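Paired with chain B in one complex and with chain C in the other, chain A is shared by the two complexes that follow.
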Partner chain A sequence: MVQVQVQAPLSPAPSGAPVPAVTEPLWKIRWRLLVRGFRQNWEVFRESRIGLIGLGIILFFGLFGAAWPIMMHFVDPNIYNPITGFDPMSMPHPSPPSLRHWLGTDPIGRDILGQLMYSTHREFLIGVLAALITVVIGTLIGTVAGYYGGFTDTFFMRLADIMILFPFIPLLIVVGSFIRMGMFEFAWISGVLGGFGGITIVLKSQALSIKVRSYIDAAKVAGGSDFHIIRAHIIPNVMPLSFLYMMFNVTGTILGEATLSYFGILNIDMSWGMMIHTADSAGYLISFDQYWWLWLPAGLAITLFCAAFYMVGRGLDEVVNPRLRKR
Partner chain B sequence: MGRYFASRLGQLILTLFIYITLVYFILQAMPGDITQALVFNPRIPQSARAALQHQLGLDAPLVVQYFHYVRNFFTGNLGVSFSHYPRPVWNILAERIPRTLLLFTTSTLLSFYVGYILGRVIAWRRGGFVDYGATVVGVTFWTAFYPLLALILIWLFASELHWLPLNQFISPTLWLDAPVTSNTIFHYMILSLAGAALLLALVYALVPRWVRRPSSRCWVTRGAWVVALAGLVSGWWASGYAALAWDIVSHMVLPVVTLTLISFAGNMLLMRDSMLETTREDYVLAARAKGLPDRVVRDRHAARTALLPVVTSFALSLGSVMGGGLVTETVFSWPGLGQILFDAAIQADYPLATGALAFTGIFVLVAHLVADVLYAWLDPRISVVSSESEAST
Partner chain C sequence: MAVEKLDPSPITQTKPLVQVDRLKKYYPIAAPFRRAVHFVHAVDDVSFQIRPGHVFGLVGESGCGKTTTGRVLVRLTNPTSGRVLLEEKDIFRLTKLQLVQFRQSVQMMFQDPYESLNPRMTIFDIVSEPLDVNGIGSLREREERIADMLNQVGLTPPQAFLFRFPHELSGGQRQRVAIARALVTNPRFVVADEPTSMLDVSIRTGIMQLLAGLREKLGISYLYITHDLAVARYLCDDIAVMYLGKIVEQAPAEQLLRHPLHPYTRALISAVPVPDPSYQRPPVNIKGGVSRPVDPPPRCRFYERCPLATRRCANEDHPPLVERDRGHWVACYEV
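And now, the complex of A and B:
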């Protein structure tokens, strides 16, 4: 994973001719190296079928979510709005799938497909936002703890030990039932709580293994400050691992959001968990086979979405973790 | 080993203290207090509310309240529940904890065992159909939306096929004229299970010392399993309460299966990765070169070493397993710790919520300690280091 920075073959000079001075601007060279490193990693990633499947599913959901605003231009918003819509033409509700409503309607007459598409971009938003917060906090703490060691290290590692053991879902249920917790509150609370947890331990050990490389010594000798070394040398090298953990975090956040929505604890207008909550609280989940369109699309979407990020994480694991590579 | 255990216990108490502090301040940060419920009652004047606040100690500075709370907590006084009014919180928790304990232990052991067995098989056949199939199925369950998965299982096995009872802990009609309470039966069940487990543990600990030949060891352990199971069944049969005990067991099957389904994949995938590393080791090659059967190399040589990282991560995942347990208990109406925590949170029952949350944490901490000690016992390198340091000091 570190080949991006370490292997830096300069532009091939034709043999015999005098070596020309580097005339290209630095950013161009960096860009080319980045592209090359990306391509190499892509070659490894492509070998894992699981990762490719996951990436395909994520792309599908991306298109699915992006299609919602476009679709709303072609249909009547009074009927197809995922939150306030109502269709007086296809009574009684919930009505089974038909040409008007491809996936049927929910107990209060809203289009299921519209809800599904509307929720997609919000799930992306929650998952990626929380995972991003977790990864940023985790990377900063991990690298700083690994680089400085000593008290900083001990403090954050013991904190992580406690955070790992924290039963988050029970805690979030208690917090969510006492205060109003919306989509963004949930995202940042779970992001911050996750950021101090296990991810810091993993990234710290990675930072430790990079700290002892000779180019860090070279940077120190050249007069680089601590901040510069962490920013320019350590963080780029733990980045692939952070990215991997981000994928796993998205899975955890989405599942947590869906669970809390299902219990009706999140103050959120529409999400996949909320769709199941609506069906459940109206009493339609007793007969699963009869009202399948109320739970199957949303449940399948949650499972597929989470599985996709998890599978991409597994695929990346084979790239990032050299011990797992096939020889 | 003793010193290691003592130091872990010390850490546990410190962690517990920090955890309880966190729980206290998180709940304290929630808006309003108990007396807020009385604000809308016109018959209660403001002075009465202030008097109540004074009586409950809510007007004291936060630090003083915190010290009261810590003192009460460590002397076993958790207050009185609002929603189950005159019952003390401790009383409710003491009834609930064994149920969660049994559910949690059974499903955790089962998912660990299933993950271990499947993981070593799919690692051995990396890239094959079994590998992809098991990974996809495992990831699907691992990321499945588990309230829904639980509901589907209830619908399929209880409502459609009628193989298992619906929700709850017992079938009330069966217990109407039973001479004993369900709690009594349940406690005896836990005791008998613990006895059987102790017998098995003793046999497993003593067999390597007493029995030399590996093949006869295998027979002795199998015999111990048969004796333990037969003892359980015949003991309950002889007591005459077998039908009642079976009722509780049959109510437990579905929650345990659900919890196992959602959590085995984590262990399985980790076991796979860990196996892939160990199969490259020289000693595995040596075992193969000796001409040992494939199965022996896999189970006796590679899988033993590969197990260690799985145990570590297992100890670290206990917190999230507990979260899954809460959801499972709530969906299945299994009256355990998780369900009471959920109910207390919904009904704004502060003392019960605090107590349940604190004991959820204690539960995870103790489970973590057990896993750690088990790990030290499994991995000879850890105990060797500690005994060396003991010898040097």
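And now, the complex of A and C:
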């Protein structure tokens, strides 16, 4: 039944040149496999409406942000610059939406639509950078804690407990009061704080469930070091989950940024939170129907942007957890 | 000491490849912030030898310590006491260089082919892992070696399997990949932990033939762990029956199956299903199930379930393994 070729391993091939088993360079094959895996995951992702909607919104914001530098070529920068602009023609400020200013102007005469567009790319930058830092730290700590257990585990889990218990925003307010917190400072501080927090616990539990699989034992029997096992076996298997949490983290970071900007703690020239802060500090946040163009566009942008990343996360959830699939 | 007495018959007298000497593995029953006072005696004073090219079967119910024994033999678990010698070197006292050699010459096969292959790695990466981590061969050599290995385990043509993922293969094919991975470093000794128990009967035969064929061809010794006497009979030269961490009977395979002495072995053999509807099963005269060997009392481990038990079995410690026939060892006062 089983045809076994009579040939001892390690001995050279019996006659002539050995038949090449792999006819292509390895990286080419690996690249093809990667593309194929990506395509298969895309098929699953596409079936979840919610993920596609989220991706659509993110794409929209991407185009929206990219349109700003192009738009500035066609309009007068003295009027439409989101930070230094001023429009003397549509007094008094804040002026309601008009053909000249589609979303009106703010209390000091700057174009709201311009501010909204200008802020978009920085929201992307802050959100993705902070989430990336969070996920890298969380994945490393989570897998190491899960794999080694014992003291390492206890130490990082208690640290995570403290991070979760710590009021995040008040902490950042305190930190912001004694260092100058610009965009990048905020991104890495919130990234690091997030990285030692809840995500470690989730990834550690995932690492624990992978650690007991027999392929880990097989790697140990083969002589793999701890580093090899974490790098080659544990991290690739928690990676989808990390990626998922990255999406949810973008949401958290943007919300944090908006809150801190609103309190006027971040040293940022313009952001969506800052727009609401400007309206508030000038005393225009009085009622829903008056001066709505000062807070509604920015508020809506924050909500939609956060929701979009959350929805993409939900869509990815179905790729990562096959049990959620409807099939 | 039992090891010295376990002299193989003069015809096949060669130096043993693996010597297990009074191996013990106790697991503490952990209580937080307190010293463990109770221990599970998973493996309790086990000694045996495996000769080069031989297959040594370890048979027993689940929870009797056979897998723990196997894991100690490949250094996945440290023993509580006792020694394991591979070619007369203590495997727990190796220098760094010896350890690297040890990792190549000893491998393990696992029970569940759905768990023993990393789902994110291709077959190529899985099989080349033992070569990778030990830095053996160039990429080119590894490619050829892996293709050759897949050929030998019956995954032909290898090109069709190299860059598949485990979930694209059937259970039998996965187990063949696992075998290829275990044999790729050309090991001399392989611990096979029930590699056929998760497979369909039809596929099982193929895997067993493959293991037997590779053994003859490559001269590998196996420690074959199984609960299935039929599998053990097909593959093994010697069989040891384990019960609650102790070897209760050990003999050449045919001898053990034809003339079992220990009451537990007899019960095991009489419990093997026979494909004959009119077959009258002799009454199995042991009662109860395997208990957990937590701090076992100093008497025969089989006392509670034994049909032959006498006062002596209760009052004296667990009986020692004594040779009743040539190469046939039994641990029982009453047979």
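Here is the rule we use: the second predicted complex is superposed on the first by the 292 of 327 C-alpha atoms of A that agree within 3 Å, B and C clash if a C-alpha of one lies under 4 Å from a C-alpha of the other, contacts with A are read in each partner's own complex, and residues count from 1 in each chain.
We take it that a contact is a pair of C-beta atoms (placed from the backbone, for glycine too) under 8 Å apart; a residue touches a chain by one contact, two chains touch by 3 or more.
Computed from a predicted model, the values in this text were never measured in an experiment.
Participant: So, A:Thr303: does it touch chain B (first), chain C (second), both, or neither?
Facilitator: Only chain B; A:Thr303 stays clear of chain C.
Participant: Which partner does A:Asp217 contact after superposing on A: first (chain B), second (chain C), both, neither?
Facilitator: second
Participant: Does the superposition put A:Pro107 against chain B (first), chain C (second), both, or neither?
Facilitator: Neither partner.
Participant: Applying the touch criterion given at the start, work out whether A:Thr251 contacts chain B, chain C, both or neither, answering first, second, both or neither.
Facilitator: first
Participant: Which of the two partners, first being chain B and second being chain C, lies in contact with A:Pro97: first, second, both, or neither?
Facilitator: A:Pro97 sits against neither chain B nor chain C.
Participant: Answer with first, second, both or neither: which of chain B and chain C does A:His228 touch in the superposed model?
Facilitator: Second partner only.
Participant: By the touch definition above, which chain A residues appear in both interfaces, chain B in one complex and chain C in the other?
Facilitator: None.
Participant: Which bits of chain A are touching chain C when the two form their complex?
Facilitator: Answer in residue numbers: 1-10, 13, 18-23, 26, 29, 33, 213-215, 217-225, 228, 232-233, 236-237.
Participant: Quick one: in the complex, what on chain B touches chain A?
Facilitator: Within the complex, chain B touches chain A at residues 15, 18-19, 22, 26-27, 30-31, 132, 135-136, 139-140, 142-148, 151-152, 155-156, 159, 269, 273, 276-277, 316, 318-320, 322-324, 326-327, 330, 338, 341-342, 345-346, 348, 353, 356-357, 360-361, 364-365, 368.
Participant: Name, in rising order, each residue of chain A that touches chain B in their complex.
Facilitator: Against chain B, the touching part of chain A is residues 49-50, 161-162, 164-171, 173-175, 177-179, 198, 251-252, 255, 258-259, 262-263, 272-273, 276, 280, 285-286, 288, 295, 299, 302-303, 306-307, 310-311, 314, 317, 321, 323-324.
Participant: Show which residues of chain C lie in contact with chain A when the two form their complex.
Facilitator: Per the stated touch rule, the residues are 71, 74-76, 99-100, 103-104, 106-108, 110-112, 115-122, 124, 126, 129-130, 133-134, 139, 143-149, 151-152, 154, 156, 158-159, 162-163, 178, 181-186, 205-206, 209-210, 213-214, 217-218.
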